Each structure stands twice: as structure tokens, then as C-alpha cells.
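Presented below are the structures under discussion, each in the form of C-alpha cells.
Both complexes shown next keep chain A, but they swap its partner, so chain B is in the first and chain C is in the second.
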Partner chain A sequence: MSQYGFYFDKEKCIGCRACEVACQVWNNAVQTVKWRNVSCLTRGTYPEVTGVNASLACMHCAEAPCKKACPRQAISKEEDSGGVTVDQSRCVGCMLCLWACPFGAPQMGVKGRMEKCTFCEERPVGKIKRACEEICPQQAIVSGRIEDLVLRSKQVVAERLSYDKQAEVILGHEEK
Partner chain B sequence: MDKFTYFWSLIIVASTLFMIGAYKNVFLKIYYIVWVNRRVQEVNGAIDPVVTMPEVSTIINEAVMQNRIKNRSTFLWSRHSLIFFGFMVLFFFDCIYTVFGHYMHHYLHYEYFISGPGRAFLKFCMELSGAVLLLGLTAGLIHRIIFAKQERTLIDIKLIVLLWVVTLTGFLTEAFRLSIEPNDPFISYSFIGGNLAPVLQNLHLSGSNAAAAVWTFHATVTVAFFAYIPFSKFVHIMVAPIGRSITQNGNYGQMKRERITEGLL
Partner chain C sequence: MTRDVINEIRGTKTVPGVCMICPWHCPTENFVKNGRVEYVRGNEYAVNATSRCVKGISSIHSSRDSDRLLYPMKRNSQGVHERISWDDALTQIAARLKANKDAFGPESLVYLWHLDSNETFTHKLFGELYGTPNLSGHGAACDQDRRLAALETFAHPLPVKDYANSRFVMLWGADPFGPNEALHENRELLESMKKGCRLVVVDPNRSRTAEKAHLWLPIKPGTDGALALAMAYHIIETKSYDQAFCDEWVHGFSEFAEHVLSNEYTPKWAETITGISRETIIAVADEFALTKPALMDGLKGLVNYTTGLDALRTVFALNVITGNIDGPGNLILKELAPLDMPVDIPEEAITATEQLPLGSAMGYPLAPDMPTQLLPEAVLEGNPYPVKSLFFHICNPAQSDPNTRLFEKMMAAVDLSVTIDIYMSETAQLSEFVLPEASTYERAEVRESLWAGPQVVFAQPAIEPLGESKPLYEIMKGLAEKMGYGEYFQWNSWEDWARKQTAFLPVTYEELKEKGVWEGELRYHKFKTDGGLATPSGKFEIYSNLFEEMGYSPLPGFSEEHRIKPDAEYPFQLINCKMQYHCGTHTQNNPYLMSIVSENWVELNTNDARRLGIADGDRVEVSSPQASATISAKVSEAVQPGVARVPHGHGFGRRFGTLARGKGTHINPLFETRMNPVSGGISFNECTVNIRKI
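Take a look at the complex of A and B:
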């Protein structure tokens, strides 16, 4: 089973929330709450102001804590992409998956069942970009095989270190 | 075999299965979640797991008032409330009747809940809560089978049918008992069973053998239902109040995402 995931570059994100909108538009038929959330935080006072934007959704962890935490075994991993999905017919809306998730990704839908990013399951993995990835004007979100994303993050970190820039990424997967 | 020996034998088996299910699907899950949250804190010290204590208002809104369902649909809220309050009240008074009635009568010769006014009170409350439960379950079955095609799943229907059978056979058991004990001084408090008893007599269905058979069937399906709770969707009775309270009705996710974002500053 190939493990796909998201790479997010906070240095590129401008907090435009286009990814949120694209996610909602693409998954309109099944989505009742926001699956992707952009948090925009600023700290300090002028002239020493720092800010960061983080676009967070389900990271489709290789060892998904939400899957292990579900008392109804309603959460499973897709064979082809490793995407983590919720079986709505089995979910009881207990929110234990939200408690377990390090990213706070699963959300309670209006139908009383948990919803989360499906990794755009209608889009063939490796052929078409995910909706959030496709819309991002800064290419701050990239999806792909986790090995490729780890390599990409290393390259980005190396490039930025050479320019003495702070380089941090969110991967959601531990490098083995 | 004496029918109470049969019943308590079933209870022991069912309790064992219940405990196994509760350990596997509730205790181990919560233990894992606590462990994984601590692990996140150890791996990345900048991102503290959000530790929150359940707020009383959240528990009242979610578990008692069930406002989330009310916001979705008044009909669904009415249906679920009938089932919830009917089941909880019936279970509570059943426990009272077992402990303060049967056990205290047996060991301490305490008669208040066996032959005193307490029995009348318990009978009335149990009949009323049973009727409320049966009404909610019947509405749920009709809604799922006929109206809500998107909710018509075998998982949901078989559970509701099981609890419906448990409740219905409870009334039938009481009716059969009263049909062979028509001079029960508290018959008027069993307002459903008491009215069904003459019907059973007119249909020539009453008799000690029939009463024993219905009682045995009721006891078996009740115990089976009890054992099935942690393995079925009814596990939400145990985990939903915990999960929804700890996650502050979903605000926990937002707090976690903000902590992660703060860690990137």
C-alpha cells in the first residue's frame, strides 16, 4: 500500500483560505463542516510583529491515532492511497477520534457523525491534484507519496538553510 | 432449572461479555488516546496537548438536553429523547426494584418495594417509562424503514428491533403474569400489562406455561441486549458523553490547531 499525504509550507502560505473554499466546493455533496481550516496568528506589537498561517486538515497519518481510537472501527485506511476515511454508517459521533488526533482534524458534521478530509477520494491519486493543492496560488500545499514529500521537505530545508532562513514544515508523518 | 437460576446464569455470562466489550471498546480506546496525547507532548514540546476538564454545561447540553439533535430536527430530537429518557428511567427503576425490592426482601425482609406502596410507585414508573421507550422505538423504526432511505442501514434497524422486542416482551411478560395473578393488589398501577391481561385470558393464551415461556424469552433477549451494548452502536451511551465532554463539543479541535499554529510562530 502506498502512503500518500500532504506537505505544507508555512513560509509560502499567505492565508488566503482558497484551500478551504476549494475543499468545500469539491466535497459539497458530503461535506457539512469545514474539513480544512486555515489558522492565521499574529503576535507582538509594531514594529516587532510576527505572524504565521497554517492550513490544516487530516494528514492521513500512516499510523492513524483516530483509527485506533474509534470504538466502532468506523475509520479505515484506503488501500490505494493510504487515505483515512470515516464510514458514516458505523460512526456514532462520540468524538474520540478528535480527542486522539494530533491535528484536531475530525469535525462533527451536522448529521451527528464525524467528517474529515477524504483526500479527495474521487480524484485518482498520483494523476490529479487534490482540490486544496490545485487551488493554492502559492503551492504551499503539496500532496504525494510520503517518501517523495520527505525528500521534498529536505530539499526545501537545505535550500533555506543556505539562505539562513527559518525552515519548518508540517508533515504529519514521522520519518522512519 | 429454576427460572431465577437460569436468569442469573445468563446475567453472569452477559456481564462477562459486557465487561470484555467495555474493556476492548471503551477502556483500551481511552487509555490509547491519553497515551498518544502524552506522546505528542514528549515528541514535540512546543505543541502541548490541550487538557480540558468536562464542563457541566456541555454535559447537560449534550447528554441530557441533546441540543445538537434538537438543532438538527425537532422530530429526531423527540424520537431520540423518548428512547433516551424511557431507557434510562426504566433501567434506573429496574435496578431499584432488583436491589431494594428482591435483594433487601430476601436478605433483610424489607417489604416496602415488594408488597408495600413502593411497589405501586415502581410499577407505575416502569410501565410509563417502558411505554415512552416503546413509543420512541416504534417511531424510530417507522422513520428508518419508510421515510429515511439514507438511514436505512441494517446496523441501525437490527439494534432498534432488538430493543423494541425487549420492551414489547416486557409488557407481555407483565400481562401474562397478571393474567394468572388477577388479584394482584397493584394491578391498576400496571396500566398496560393490566389491560392486556384480560385480552390474553379472552384469547385463551394465558397459563403458567405460556407465562413462563414469555418470561424466559424476555429474560434471554434482555440479557442478550445488555451483552451486545459495547459491541454495537449502543456503545455511544458510554463513549459519546466522555468524548463530547472532553473535546468541549468540538472546540478541542480548534484549540489544537491554534496550538500547532502557535508552535510555528
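Take a look at the complex of A and C:
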């Protein structure tokens, strides 16, 4: 079984929320239900302020807490993609999955059943990007096989360090 | 191409389009099935690739919005808009235009628009055939100072950015990662930063762009010119400018250097004005001068003050004296594609304009766009000549210009007012005739994009126009027939004029139609190979003889003569901004965007808010000497103390939309009529306010 997932680059995300809307438009979701959600956090006091943005959807966990929490066995793990999906016909809208999920990913739909990221199940993996990934102006979201994404994140970090003036300090294992 | 994958999954057909939400006009792909737009994304063949910003992807709603203008309307004697037929509307407008031309001359017609390339049809009809010199964009409310500074320095109105190759970028009062700007530019800037490019942002507010910057300089509002001059002083004093480039390609370098040194625009001088320490100014100036390639650019945050023009002239001069211009990683003097006119008017039919454009006639001969703040005087007092007919196309000065009351008075007094729009905008509500335009999903458009090289976007109708709405070219054709100019607007389908317009491009019509974009070669340092610049001297002009002849300062200085600064009665500087999730009237009835944020706010620094007993979300009254408004407070660490920051373009008692109705606060009545004395650009931020909790 392959396990697919999302890579997210917080250095690139500008918090524009295009991913949220692309997800809604592609999946014909209503505008108030967000399968993907962007959070913008700031810290510090003027003028020493830092901020970070995070775009989060279902992580399609290997050991999905939502699946374990569901009393109706409505949540399953897809064999081919490792995607975590909700069977709408079994769901009774008890929201236990939302309470169990550490990322708050499952969302109550307008029909009283839980909905969540389907990893754009219609879009064949490898042939086309997920809707959120395709729209992102900064290419901050990348989907793919977990092994590839882990490799990618290592490469991204290495590339950043290679251009960083302070990289030698870090690469020289100097204590921070 | 992956568009085929989508078409296979959804059974759709791809129709290339263009986004009309903001002025950057990114190329798009629309996916259509059974007369409905099912999905939209960026054009895979273009530099922005499949990406869209949040407003772009959300704009799919405007292809379905039943709150759009669906038929022509005319205001009756009770002031209520009633439906009329296209034939009646165009017949009546044409007759009134003829009467006004006969009695007051063609210059009595003023037509304002907002960056729509189909306006070439308007130019043919109203400019060449009818003969008015008063066709203008709404730039006075936008980038007027930048455009004039660019025309003066580079003889180019809209320099763009080649971030992909930059090593150092400095942005002044510009927030490309926030409200908008070209998507490919944003992506390239972040990619470059990953490779070590440094970003410095000058802004009183910690904007989205400042959030990503290596260095944020929270400058005192309106003092950017002083900072730029101090950087120039240090660069000249340490001789870190590009001497060889200045000798060969810069007009007036020695005068500029002498001016900067003799006026003692030192970092020490600038420190007290700008609130940026002299050490920082020196460090940034050194880094800018010594890192190549570099670019610096400014936008609305500078233009919004009476000091904006000189600030931008200095910013452009800094690029020039360090040799950072039109090369890889620099500001690029964008080359245009060889597009033809969609229709031609034979010379004998063209009406020679006798009167000067309003701007020139009213003392602003260098204004790139009409200083729209002068319009009320022209309409209400007939000065310098009578203005009797006003057209507004996809622009909404009732919402975007200051001094709303004066605008309303003007609209009530003018003889003929016509608004062409896709929504019942605030300006449409004040107009006698309202003509429904087809949205970008329902019409064709051949336009130049804002990519650094030549790039043509060929947008095609994806669906039928909603209701009775019509594309602008069909409206102009219909009006031309009623005005007796029908012979010059002959086509069976938009493809007839689109073929003519694109005939000189080195691509077949069929390929262009299929892809929706054509990109030429991005050439650098064109002035070196193409025989210099189009400026009078053929060089980059940091000393302007033209300005001198017109009685303006040939060199950029720093004067706070026209500045409005906070005092005891009005202790806050009101600065306006755009919201990341909205762009003017056209996003206000959008369910995707309204679910993200539905109202604007006044942003205050935490310390200021605490002192005034204001908590986040409290309703407050914001009062200027001109007017007051009620709005929610947003308490934040991101904004400079003493500054009140409000996103504009919201509110005004909207009647047009189910979602827009009653939402937001219209802040523009608080702004007085203030302009840059040379460019006529609107100085929105020359406004001080008092704030109290209610």
C-alpha cells in the first residue's frame, strides 16, 4: 500500500487562502465548510513581530484517530492511496471524529454528515495535482507519496542552508 | 497538458480566459460544461501556470451570480431605476450625446474606465469619432505618481519586476504578498529568497510582504522620500554608485549628486523625519549599492501622500545610479507585443480635438490619468469648460475616490451619466443610465499582460452573457450605430476583430486560440541595443528638463509643505489599504470571500487601543475634520503607534447584492480632496482622525 500526503512549506505560504477556496470550488463544497483551512498566527510586540501561516487539511494519517473514534465504522483507509475517507451513508454526524482528530480536519457538512479532504479522489495521482496544490500561487503545497515528500523536505532544507550566510555555522554543528 | 485530465474527469471543455479582478490580469483557464463554468484555474501555458489568488479562484461566482446587472436600466423622475430595452437606452444616450456635443463641444464628454483592453473600442468611438480628449483610466486613485515618475525617468509607464534573478529587493509601500500583484512575480520573489535574495520592506504596517522580509523598516507615514534621499546621499558620498553606467546612460547625474549633497539629505537628517536610525539607513544603502543585481520599487503606500511623486522619482533614481535597470534581476521596462487595433477609423472620419484634456486645462499638464478630483469643479462650475456627459466603465469613484459627498453632488447635477458595469455599483446607483456588461467569463479580450517580456492573453467567451448583459465591444457597436458611426464597427463575430488584432503575432490564430497566451522573448538592456530610451535625452533622466520647463522642480526633493500630520485634536494618521481577500466592488457579493472576511476594520496598535479603552472587535467612531464613520476595531501589534489603518472599498449601504448589503464601512467620506501638485494623484493618506469607543 502506498501512503500519500501533503508537504507544506510555511516559508512560502502568504496566507492568501486560495487553497481553501480551490478545494471548495473543485469539490463543490459550500462556502462555509472548509476541508482545508489556513491559520495565520502572529507573535511578539511592535516592532518585533513575527508571523507564520499554516494551511492544514486532513493528514490522511497512517493510524487515523478519527477512524478509531467512529462508532459507525464510516471512516476507512483506502487501499491504493492511503486516503482516509468518510462513507456518507454510514455517518450519523456525531462528530466524534472531529474531537479525535488532532488537526480539526473533519468538518460538519450542511447535510449533517461529516465531510473532509478526499485527497481529490477523482484526480489521478501522478497525472495531475490536487486542487489546493494546483492553485497555490507560491507552490507551498505539494502532494505525493510520503517517502517522496520526506525526501523533498530534506532537499528543500539543504537548498535553503546552501544559500544561507549562516549555514556554515549550522552545518558545522555549532551549538545554538 | 493537465487541462485534458480535468476535461476527462469532469466532461468539460477548456476555454482560455483572463482574470479581471485586479489590474494584474493573470491568464486563466475556464472549464465549461453545459453552459456553466465548473472550475477555473491559471493558464498552464503562461508564467503564472495553474495558480490563482484567492480572489481569482473565488471569481467563478461572478459567472453565476444572480445579483448581477441583468438588463439596462434608467432612473425615473422619482429617482428609481427601471428596466428599459437596449434599443431605448442606446437611442436615448446617443441623442443626448449628440445634443451635448452640438451645444458644448465633444470635450463635454468624460469617460472613465479601469484597465480594460476592450477600451480600444471606446477610444475609437468616443476619442476618434466623437472627438473628446477626456478618456481616462482611474489611475489618479491608484498608481498616478509611480506612473509619472516612471514616464519621467524611463519614458515607460509601467516598469515590472524580474525577481527571478534578483539578489536584493527593496519594496516601498508595496505589498505584493498581501492584496495583489502578479502571481508569477510573487512566486519568483519567494523562490529567489530561498536562494539567498534579501528582501527589505518599508511600510508603517507589518504587511504580508514585511512578514516575509529579512528587514522591515516601519517608517513614519509619508516620509519615504526622505529615506530614499538619505540612501542616495550615502551612496553618492561613498561613491558606491555605478560611475561608468552613470557616465553613459544617466542624464543629470552630477546635478542630482550636487543636489543631494548640497541639501544635506544625510542619514542623520532622515533619522528624525523617518524614525529609521541612521545606522540602519547606512547599512541598507550599502547593501543595496553593493549587491547586484538589485531592484527597488514602490507603490500605493508612497502614492497616497503628497510626497509620493518625489519619493518614487528618488527610488527610481537609486535603481538608475547603481546601474540596476532593465537587466536580469532589475526593474524591467516591459516590451509590448505587436498587437494591431481591433478596428481602424479612416483618417478623414477622425474628429480633431480642439480642447486640451481636462487635466491639462486645469493645471496638471503632466498628469498621466485625469485627476478625477477636478471633475466636480468642471461639472458643477463649467470650469475650464462645461462637462455634461459622464461615463463610468468598471470603475466606481463613488467608492474609490475621496470626498464622496462632493461626488454625489456632481452626479446629481450632471446632464447625462452612464455606468457600464457587471454589478449595481455605488456609482451606478448614482447614474441615470446603467448598462449591464458581460463578465470576463462571457466575452472575448485580446490584451497585453504584465509579464516582464511581451505576452498576449487571448480570453474567449466561456458561457453566454448572463441576462441581457453584453460585452463592451457590442455595447460600443450598438451605440456607434445609433450615433451614425455604425460603418466603422462591422463584424459578425468577435473572432473577426480578434483575428485582425493578433495578425502580426508570430503564432497562428488557431494555436493562440487553443493556448490562450503567447509569450515573446524577454530581452534585457533593450536601451543598449534599440538606440536608447524614449526620453528627450535618450538616457535615464534623474534631472528632468521637462519638469523644469513646466515650472516644477527638475530634481526630486523632500517637502512636507502639503502634508497633513496628526495633532492634539486629530491624533491619528489615517492610512488606507486593500484587503488581501477583497478587491473593490466586484468581490463584495462573493460567498467564498465573504465567508473569509465580510467587513473592513480600523487597525490600531495595542498601546493606542489600550489607552483609549478599545478592545479587539469593539465598535469605534473614526472622525476626520471632513466626516465620521462607525467601524469595528482590530487591535494589532503589526501597525505603528499613531496610525489608524483601514481597508478601503467596503460599505456605503450597498443595495446590489444579497451578501454585500449592509456590510462594511465606507471610509472615503473622511478623506478630503487632496492631490499631488504635479501628478494630480489622489493623496488619500493626507488625513488625520480622532478615534473613540462607542
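Just so it is clear, the second predicted complex is superposed on the first by the 155 of 176 C-alpha atoms of A that agree within 3 Å, B and C clash if a C-alpha of one lies under 4 Å from a C-alpha of the other, contacts with A are read in each partner's own complex, and residues count from 1 in each chain.
Here, contacts are C-beta pairs under 8 Å (C-beta built on N, C-alpha and C of every residue); 3 or more make two chains touch, one makes a residue touch a chain.
The model shown is predicted, which means the values in this text are computed figures rather than measured ones.
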{"item": "Combined model on chain A where chain B meets chain C, clash or fit", "value": "fit"}
{"item": "First, second, both or neither for A:C136, with chain B first and chain C second", "value": "second"}
{"item": "Chain B versus chain C as contact partner of A:W99, first or second or both or neither", "value": "first"}
{"item": "Partner chain(s) touched by A:P65 [first = chain B, second = chain C, both, neither]", "value": "first"}
{"item": "Which of chain B and chain C A:C16 touches, first, second, both or neither", "value": "second"}
{"item": "Lowest C-alpha to C-alpha distance for chain C against chain B (Å)", "value": "12"}
{"item": "Chain B/chain C common contact set on chain A", "value": "50-51"}
{"item": "Residue numbers on chain A that touch chain C, as the complex places them", "value": "11-12, 14-18, 20-22, 24-26, 31-32, 42, 44-47, 49-51, 122-124, 127-129, 134-139, 156, 159-160, 163-165"}
{"item": "Complex interface listing, chain A residues touching chain B", "value": "10, 37, 39-41, 43, 50-54, 56, 65, 68-72, 89-90, 92-96, 98-108, 110-112, 168, 170"}
{"item": "Residues on chain B engaged by chain A in the complex (per definition of touch)", "value": "25-26, 29-30, 32-33, 36-37, 40, 47, 68-69, 72, 153, 155-156, 233, 235-236, 239-240, 242-244, 246-247, 249-250, 252-258, 260-262, 264-265"}
{"item": "Chain C to chain A touching residues, read off their complex", "value": "2, 5-6, 9-10, 39-42, 48, 50-54, 56-58, 60, 177-178, 183, 186-187, 190, 194-196, 206, 208, 211-212, 216, 218, 580-581, 591-596, 605-607, 636-641"}
